[in-house]
Every structure is written in structure tokens, then in C-alpha cells.
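Input: structures, listed below.
Paired with subunit B in one complex and with subunit C in the other, subunit A is shared by the two complexes that follow.
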Partner chain A sequence: MIELKNVTKTFDGFRALDGLSLTVPTGGIYGLVGPNGSGKSTAIRHITGIYRQDEGDVLIDGQNVYENTDIKRRVAYISDDVYAFLSASVKDMKDFYRGIYPQFDLKRFEAMKEAFPIDEKKAIRHLSKGMQKQAAFWLAMCCRPDYLILDEPVDGLDPVMRRRVWSIIMGDVADHGTTVLVSSHNLRELEDVCDHVGIINHGKVLIERSLSELQDNMVKAQVVFEGERPDLSSLNILHQSAVGRIETLIIKGSQEEITAKMSALRPLFFDLLPLTLEEIFIYELGGDEYELKDVVL
Partner chain B sequence: MSLKTSFFNPTIAKKGFKRTMPLWLTHAVIWVLVMTVVGGNLAKYYDPGAEEMGNFILMTVYIGGTLMAAFFSGALSEVLSNYLYSPSSIGFHHALPIKREALFFTNYLTVLVVLLVPAALTGLAAAVVMPQAVGGYLLSWFWIYVRMVVFFTGFAMVCNHITGHVGIGFVLYGILNFAAFLVEGCLKFIMSHFLYGFTVGYDYVTMPFSPIINIYAKCGVVCLEDGMGYVFTGQGYLNILLAVGLVLAAAAWMFYRARRSEDSREIISAHTLRPVFKYAFTAGCAVVLGVIFYFFFHEFRSGDSAPSVAAFAVATSVGGAIGYIAAEMLLKKSMKVLKRSWKGLAAAVAVILLCNGAISLDVFGVVGRIPDVDDIESATVTNYSYDYGAVVMPEDGILDKVVSLHSTILENKEYNESIYYDRYSYENGKRYSFESITIEYKLKNGSTINRQYYVPLYYYDKADVMHTNEVYGTLIDDIFSDPNVLMRAYAPVWDVNNYYTTGAYCDFYGGAFNGYADYDAAVYAKIRQTIKEGLMDGTVKSGRNYGADEGQPYVIVLRLELCKQEGYDRDVRYYDFTVAPDSPLGAILLDGENISGYSGDLPVKNLDKATSYDDPAAAETDPTVGQEFDAGELDGEPLPTTAVEPVQDPV
Partner chain C sequence: MISLNYRDPRPMYEQIKDSFIKLILSGGIGAEERLPSVRELASQLAINPNTIQRAYRELEQEGYIYTVAGKGSFASQDKEAQNMKVKQLLEEFDALAQRLISYGVDIESLISRLRKGEEEQ
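Here is the complex of A and B:
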């Protein structure tokens, strides 16, 4: 389990993390989303032991991460900006990783050659951005990490490769109980893979729930009333719009509760539609003062 | 078996070796070329002895090794530390399951190993190709190089770990190797230029902070006293450098431990050092650029004019302002710093102007400082007109005259300065000849005061006749002609037990006479003894005074050459005296019986026994004709016993 407890970090007077707390359960995929400059990458750099927090605790399995080689040996990190030594090829980096990570899986490296069509003798810096990302995934997955930390992982990957990468990651989660923390702007993609989501802004986690909890807490309803619209004040409507006589309502509450309340009002037509993660974030936080335009692609 | 230590990581080391291969291969090739190819050729074709090979080996490490160690340690440290300078590389390295101590010490050891292992192997190869060289020289060569490399690597590591941008650490390392020396040189210029009479020595107190220069200054290769080999001097200093290098490496490690990964791309990543950098850079620019600007925009343009504190204040203010703004730009990584930094800039310029004001007004009393007579242990007055320094002791009873001379010079400061820059014109009816007068006090508390002044000691009237300036002339003459001072000044002349006479020659000038004579060794003792009497009664004067005194038809200028030999060290002295023809010494010098050879026209009796060098046949048989004494002639040979003529000191 990854835990950040009241972590603060200040850069030249700017408070990048402001008492941030989050919990990533073991064996799941946790999506960390937030607008630009919200503190996602800073939080991840604390989890990977790159940054030292000013205050608070950064723990993996209850142990501090900073300068803890036993913990860091179980963590693989793919940053948004892939790094490789000057003129180092995938083969060179494989040799390097083998020296650093004792559990580096050479068989897996060979097996994954088909999944990642990269010339392993070509300098990584000479590869395209997408190919560099593939190389980073290839090497990271061969480290057999218990914790996989991904910062904007699939930027630059084509749709086929994205699917392939996620397939490998989800396979590891299912087969080995790997814990994955992924930060992204791409809510639609996260919706497909994450089982937990945390939204971060101004260096704080605003909401941290499982995806099903989030979806159970809000409904999107289409309704048509005969004649005048009845009083809907008993419902916690977050947003409403109308096309002709069809009203679309985003209502906070469980499906059962809202269905019961609506049925009592005897509408001509009533239907519940699935809410996307994007809509949940927009309507959950829309009333707050947060700048949400950056959250959603 | 895997290495179980948190201070070393073999994978990082392997990567380091590979990444730095071009550098350490170059380093190794240079040593191989010098030690095996050049040294081997030397040994094979010139067949020198063990001593000369030792000299070659020690000189390579002294001359070349210093620069090699300085450059390659700096460059390798820079390359192996440059992962600190970009967010992606520092993120990559610090996310790895490797402790910082392992990253640091692995890189540190990598630098030492890639420099010292090839050097050691080169030393072994050199032992094969230079069989004449005894192993001790090669061991010494390697041990000297080890200490240099350890020092420069520690120094470079500190520079690399307090900076956060590619190349800045190496540049800082280069600057810091010479900065103290440069700044002290500029400060010395400022002090001697603007503080009236202030003198600066050739010793640099900040030299230890300029290690490359200091190694060349403090160390060297010298021949052993018995001539049986060479030795590297400065071993103690290199031991200090070794210790300092290790301390610097520890300091670099402390800076790395405290370093924040997010400070990559900062110019100075150590936050505590940022103010130090800003103000040190400002002060350094104020001094160095100030001196440069002052030279270019004042001295070169106005030529031989009085020092201008106002011009210097402007120059240093501009230099300091440039330094302050540049430091702010570097620290804030922005060109737009004036809006937020103008107050600091104004304060910095104000401080610079205050310093200039302090110099101008002599706030610290440097210019006006004259010691009390009771505090003086000894004083030495030097003037070009006299070929000796007048050493005055309290028991001489004339220390008050030295102090009086000093205060007279200071009282006449305005006068001296006002005429100095017009000294070649006759605007005031006189053309002044400025002479240097230096006064050095050794005080009873162990401190010293050194001052040098240029004063109008002589002047020429419109008929071009020289006169002594009455302001200083009497005081100077009183000091220099004091009997005790003279005894001290010419101590080697009286020290007949240690100083041998190697020659006595006279030039005759004036009237109908213009000639030269040298004297028999048999008369040397008599000459030396009579000089003392002449100096006491005033018939012999120090130095060459070509203007004949009133009543004298010509002058005799005597040159006496003395030498003291201790082992292979030789102390050669030359003394000139102007001798009155009608004095006892004049009588000796004018007696042809004492002359061994001569040329020209001399007012000398009994010259018929002496050899005339004007006779070509005689000149051919006498190889010394027309030759000055050259101490080099006696190199390696003991002095002739005929030159020894101890006499009892009659004084």
C-alpha cells in the first residue's frame, strides 16, 4: 500500500503539495488526476523517492521511501520524460537495469521483444517519443516491480500500443498483484482501467474513491413531465439542461433513492444514463472554485 | 560474490568507466607518451645517469602532472556529476534503488581509479623502458601525482555539487583555481595605486587558495646538495593538499546529501551558498572589472597622470553593478531582474562607493601611519642613489631621522604629487628627478611597515646642473653616511674571513683622463682596509658618482668584487666606490706598482710594470682583457687560493 500523509512541499515559496494525503490500495490501479500544476508529478516524485518532503510521510508498505533501497527496489517508475544514458540502447539499459534490480527478468525481456518492435541496439535517444515510451515500459515491466508508478504513461503511444501496454499492466496486476499508480489527464482512458481514482488540485487530494463509489454517488437522468414541471427541490440537482421537453438532470445520490423520488412525481418518461468519469469530475466539483477546464481533455 | 556496501555500486562504476572513456584514455595516452616514449628515447639515445632520469621523471609530474591532474580531475568530475543537472536524469538516478552515498562515492572513486590506475601502469612501463631510473623516482612520481589527483578531484567535486547546471561546476572550478590570486593582485594594485606610499610584496597571502599557481610556487625539483640526484620539494605541501582534498570530498558529499533534486538547472544549487555567490561575485567583479575599466578608460587615455579616485570609484561601481546584475540573472535564471533587484543593486554600489571613499580619506590610517621611535626594532632606508640599504638600529641614535624623513615625505605629499606629473618640464624653473625612497620598519611587536615613495630628490636648473632638493637631501645624506650604517652596509667588505676578493678595477674619468685599470691580488687586502678609512673620513663615497667634486680634476670609480662560497652555493657581491684622488685609497689606486693591467690614459705613476691592454700583443696573451668578472666561470671549481687574503679588521 502506498500512503502519503499530510505531505507538504514548497519550491521557492510556492506550495506545490499542501498537506496532501492519499492511499493507494495494494493490488489495484489508482488513477491520479488533476489540472496542470496541481501537484500530480510532485506527488509521484515523492513516492518514487526523488523528492524529499518538507513535512508529512511518504510510505510504501509502512516504510519511508526516501533513501530506502529495499523499498525502491520493488518500485519501477516511468516518468513523462523518459531518460536514457547518452547513446545507450535498450540492450545497454537492460544491462544497466540488471545490475541495479536483482529481480530483473531476462526471460520476460526476451519474451516482450515481440510486443515492443524496437531495434534494441539503437540509441534510445534516437528513437521517436512513442518508441522511447515503449522502451521504458519494456524495461520497467522486466524489473518485476511490486509497485509501478506511471506519470503520463501513454502520451505518445498509438492506440494499438496503448491497448497492448495496458493489457500487460493489467495482466501483472491480475497475476502478480502489482500495485499501479498512474497520473493522467486522459479521464476516458483511466475510466477503463482504474479501480480507484484520486483528484488533486492545488497540492491537495479533493476526492479519493473507488470508481464504483463515485458512480454510485451520482446519476444522470432524462425526464419528461406532463404539463408543468413539478417541484424538484427534494433532489440535489447539480446540473440541468433541456432540449424541447426532455430535461437532462445530473443528480447527486444513489440510483435507488433518485428512482424512488422521481417515480413519486409521475413523469411521462424517466431513464437513467451512464455517467462518464469526466462528467463525474465536472459535476462533482463544478460548484467549487476549482478550475476544471484543465482536468478534462 | 557480490559487493555488500552501500558506498559503492559496481553497475554505476561500470557505467562511469564507459561514459568517461574518451577522457581517461586521453589522459592515459599522454602519460604513456611522456613516460615511455619520450622517457624511453631519452634513456636509449642520450644515456643519462640515474640522477638525470630522476630529474626528468620528477619534472614531468611537477610541470605536466599538475596541469594533468587539475584538468582531468575537473573534467571527469564534471562528466560523472552531470546527472545532477537535468530534472529527467536526476529523477532517473534518484528513483533507482541506490543510496546517494553509493552514487557519490562510486563516482568519486571512479575518477580516482581512472586517473591513478593508468598512471600506476604507466609508471611500471616506464621502469622497463628507463632502466637507468631508480625505482624511488618512479614511486615518488606516482605518490606526488596521487596527492594532486586526490586534491583536485575533491575540489572539483565540491564545485560540481554546489552547482546545478551543466558546465557551471567546471567553470566555477576553473575560476576558483585562480580567483584568489587574481583578486589579490588587483587589490594590491589598488592599494599601491591609491594609498600614498603603500607597497605590496611579491608574496600572495591568498596563494593557498589558488592551488595550481601555489603548486608551481611552493614545489619544485632541486639537485641534492651532494649532487647525487634530484628531489621534489614541497612534499609537506602536497601532504596538506591530500588532506584538504579528502576534506573537500567530504564537504562535497555533505552538499550532495543536503541537495534537493528539484534544484537541477539552478546555477547554485546549495541554497546557503547563494548569497555568498552573489556578493562574492559582485565584489570580485567590482575589483577585477574595476581595475580593467580604470586602466582602459583612465590610465591608457590620460597617460602619465595622477591616480583618480573618482575615476576608480566610477569604474568599480560599474564593475560591481555588472557583477551584481549578472549574479542575480544567473541565480534567478531571468534577464528581467532589475525591477526586483534595484534596491540590492543600489546598496551594492553604495558599499563600493563607501570603500572608495574609505581609501580616498585613508579612514584606516594606512597612509599616515608612522611608528613611534621607541616601537622600532630596526629600519631600512633604500634609495637608488646609494647601492646599499641603510639599516638603522636603535643604538645608532638616528632612528628619529628616519621617522623625520618619513614624516617630511608625508607632509610634502601634495607638493610631491603636484610636481610629479610635470617633472620633465621646466615650468617651475626646475626639472625634477624623482627617486624612489623605501622605508621598511621592523617593529618590536613583530609586525612590519613597508612604504615606498617617489620624491623629487634632485632637480636640474635651466643650465641642466643637478642640485639636491634641500627638503630631503640632508636627511637622506645623514642617514646613509652614518658610520654605523656604513659599517653595516659594507659588512662583506670587512668580512675578510668569509668573503674573498675576486677582483678590483678602476675607471678614471674627467679632465685628460679616461681609462681603466685592474689591480694585483696582492693589493686587495690593502684596498679593502683603506676603503673603510676613506668611508669614515669622507674621501671615499658609496656608489658611482661621475660628477667630480669641486677641486677634483677627475674621479676614480673603484669596483670591488667579493665572493663567499659555501659548498656549491656562491654569494657574489659587487661594490662601487667613488674615490678622491688625493685620499689614501687614491694613493694606492694611483700607484702603477699595484696595477696588473690597464688601458687608456691614466693619471698613474710607475705604470711601466703593468701590462697595457692597448697593446694587441699583450691583449692576445691575457685572456682577461676586456672581460667582466663572471661568477659562472668558477662553476664547479673551488675558488683560487690566491684570492684569500684575510687581514685583521682595524676598526
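Here is the complex of A and C:
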């Protein structure tokens, strides 16, 4: 289990993390989402023990992470910008990783050659951006980590490779109960893989919930009323817009509850649609001065 | 065996569940036949294993499949449970037909519609 409790971090007077708390359950796949500059990568660099927090606790399996080699050798991390030593090839990095990760799986390394079409003798720095990401995955998956921390992992990978990478990760989760924390802006993709989601803004977690709970608790309703619009104050409406007579409402609550209340109002037309993670993201942050504004250029 | 439609608004576990129900009822998966393991399906579809687990759990509750510890999940022989789904869908069909009739659609045109649907299949 990964736990961040009230973590704060200030850089040059800028409060990057402002009392951030999150919990990633063991064996879960946790999606960390938030606008640019909200503190995702900073949070991740605390979990991987790169930064030391000013206040609060950063714990993996109940132990402090910072300068804790016993914990860190069970954590593999793929950063948004892949780092390799000057002129080091995948082969060199493999030897380096073997010295650090006791669980490093050489058999797997050989087996994965087929999955990643990379010349293992070529300097990683001379590979393309996407190839560098692939190399990082190859190495990280061979560490057989208990915790896999991914910062914008599939950014730069082609569609086939994205799928291949996710497929390998999902296999590990099913087999070994690997705990995964992933930050991404590709919410469509997170929807397939995550079971928990944390939405973060201004260095704080706004909501943290299991994905099914999140999706079961908010719906999009399209409704047309005959004549005057009845009193809808019994419904917890987050957002509304109208095109002609058709109103689109984002409502908090379960489908059954909303269906019951709506049909009592006798609308001419009424349809409920589940929300995508992308819509939840937009509407949850909507109240937080992050409203989608029509920018006129 | 199973493919997901990303434009389908239904949750993914429901899509998986329905695909298996279709396969089992149509005989695509025979009685006592083993279903792919959670791991196989999770890597094949590149989705969260818990999603597949949930679909399997519900299939088991509804009697379509049964699980043998350490061996996997198998399509059940319990036709009665399977007929439940057909019965439920027929009830929905009846309700829909009633509504159409109340809107003034005559029965003959409904019958010819069904015939046409059958030919197209």
C-alpha cells in the first residue's frame, strides 16, 4: 500500500504540494489525474524517494520511502523523461539495474527482446523518444517490482506498443498483484486499466475513489419538459446546458434515484447516459475555477 | 473471442458479460468448456483484471458459469438459469410491443419487421 499523508513541499516559495493525501491499495491500479502543473509529477517523485517532503508522511507498506533502499528496490519507476547514462546501451543499463534490483529477471529480459525491437547495444540516448520509453519499460518490467510507478508512461508510444505495454502490465497485476500508480492525461486509456482514480489540483487531492463508485455516482441526463421547467431543486445538479428545448444535466446520485425523481416530473423525453472519466474530470474540476471557457482567438 | 467496443456507453464489465452470455447461449462456448483465465483475458484486452473478475463473478451468480478453484471457470450446463435471461428479455420485448401498439403501430407491421430481421440474420 502506498500512502501519502498531508504531504507539503515548497519550491522557492511555490507550494507544489499543499497537504496532499492519497492511498493506493495493494494490487490496485491507481490513476492520478489533474491539470498541468497540479503536482502530479511532484507527488510521484516523493513516492519514488527522489524528493524529501517538507511535512507529512510518504509511506510504502507503512515505511518511510526517503533514503530507504529496502523499499526502493521493490519500486520501479518510469519517469516522463527517460534518463540513461551517457552512451549507455540497454545492455549496460541492464547490468546496472541488476546491481540494484535483486529480483531482476534475466530470463524475462531475454524473453522480452521479441516484444521490443531495440538494438540492445545501441546507446539509449541515440534512440528516438518512443524507443527510449520502450527501453525504460523493458528494463522496469524485468525488475519484477512490487510497485510500479508510471509518469505519463505511454506518451510517445505508438498504438501497437501502447497496447503491448499495457498488456504486459495487466498480466503482471493479475499474476503477482503488482501495485500500479499511473499519471496520465489520456483518460480514455486510464478508464480501461484503472480501478481507482485520484483527481488532483493545486497540490491537493480533490477526490479519490474507486472508478466504479465514481461512475455510479454521477450521470448525464438529457431531458425535455413540456412547457415550463419544473422545480429540479431535489436533484443535485452539477452542471447544466441547453440546446433548444433539450437540457443536458450532470447530476450527482445513482441512476435509480435519478430515474425515480425524474419520471415523477413527467418529462416528454428522458435519457440517462453514463459519464466518461473525461467528463467526470471536467465537471469535478469545473467548480474549482477550472471551468471550460470558450476562448476567443 | 471477446472484443470491446470503446464507443459503447455501457461499462466494460457489462460488455464482457454480455459477450460471454451470447457465446454461451448460442453454443459458441459449449457446456463444460473452459473460459479464458482472468490473466489471459486481461493481457489480451489490456484492461484491468478486476474488471474481468467482476464480469465473471456476475456470470457465476447468474448461473452461466461455475468456477473450480485452481482450474478456472467453465460454462455451466444449467440451462434453466440460462433460460432466465431469455425470459427476462422476452418480458422486455412484451413491454416494448405493448408500447408500440399503444402508439398505434399495428401488429401486422411488427410481424413483418420480425420476419425481415430474421432474413437479415
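Methods note: the second predicted complex is superposed on the first by the 288 of 297 C-alpha atoms of A that agree within 3 Å, B and C clash if a C-alpha of one lies under 4 Å from a C-alpha of the other, contacts with A are read in each partner's own complex, and residues count from 1 in each chain.
Just so we're on the same page, a contact is a pair of C-beta atoms (placed from the backbone, for glycine too) under 8 Å apart; a residue touches a chain by one contact, two chains touch by 3 or more.
Predicted, not measured: the structure shown is a model, and the values here were computed from it.
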Touch test for A:L86: subunit B only (first), subunit C only (second), both, or neither? first
In the superposed arrangement, which partner chain does A:W166 touch: subunit B (first), subunit C (second), both, or neither? second
Contacts of A:L273 with subunit B and subunit C, given as first, second, both or neither: second
Thinking of the overlay built on chain A, is A:V193 touched by subunit B (first), by subunit C (second), by both, or by neither? second
Report the partner of subunit A that touches more of its residues: subunit B or subunit C. B
Quick check for you: in the superposed arrangement, does A:Q53 touch first (subunit B), second (subunit C), both or neither? neither
Is A:Q134 touching the first partner subunit B, the second partner subunit C, both, or neither of them? neither
If you stack the two complexes on chain A, which partner ends up touching A:A174: first (subunit B), second (subunit C), both, or neither? second
Which superposed partner A:I100 touches (first subunit B, second subunit C, both, neither): first
Kindly classify A:Q215 by the partners it touches after superposition: subunit B alone (first), subunit C alone (second), both, or neither? second
For subunit A, which residues are in contact with subunit B within the complex? 11, 45, 48-52, 67, 69-73, 75, 77, 79, 81-83, 85-86, 96, 99-101
Okay, in this complex, where on subunit C does subunit A touch? 6, 9-12, 38-39, 42-51, 54
Per the touch rule, the subunit B residues reaching subunit A in their complex are 6, 9-11, 14-15, 19, 87-92, 94-100, 260-262
For the complex, give me every residue of subunit A touching subunit C. 29, 163, 166-168, 170-171, 173-175, 188, 191-195, 212, 215, 273-274
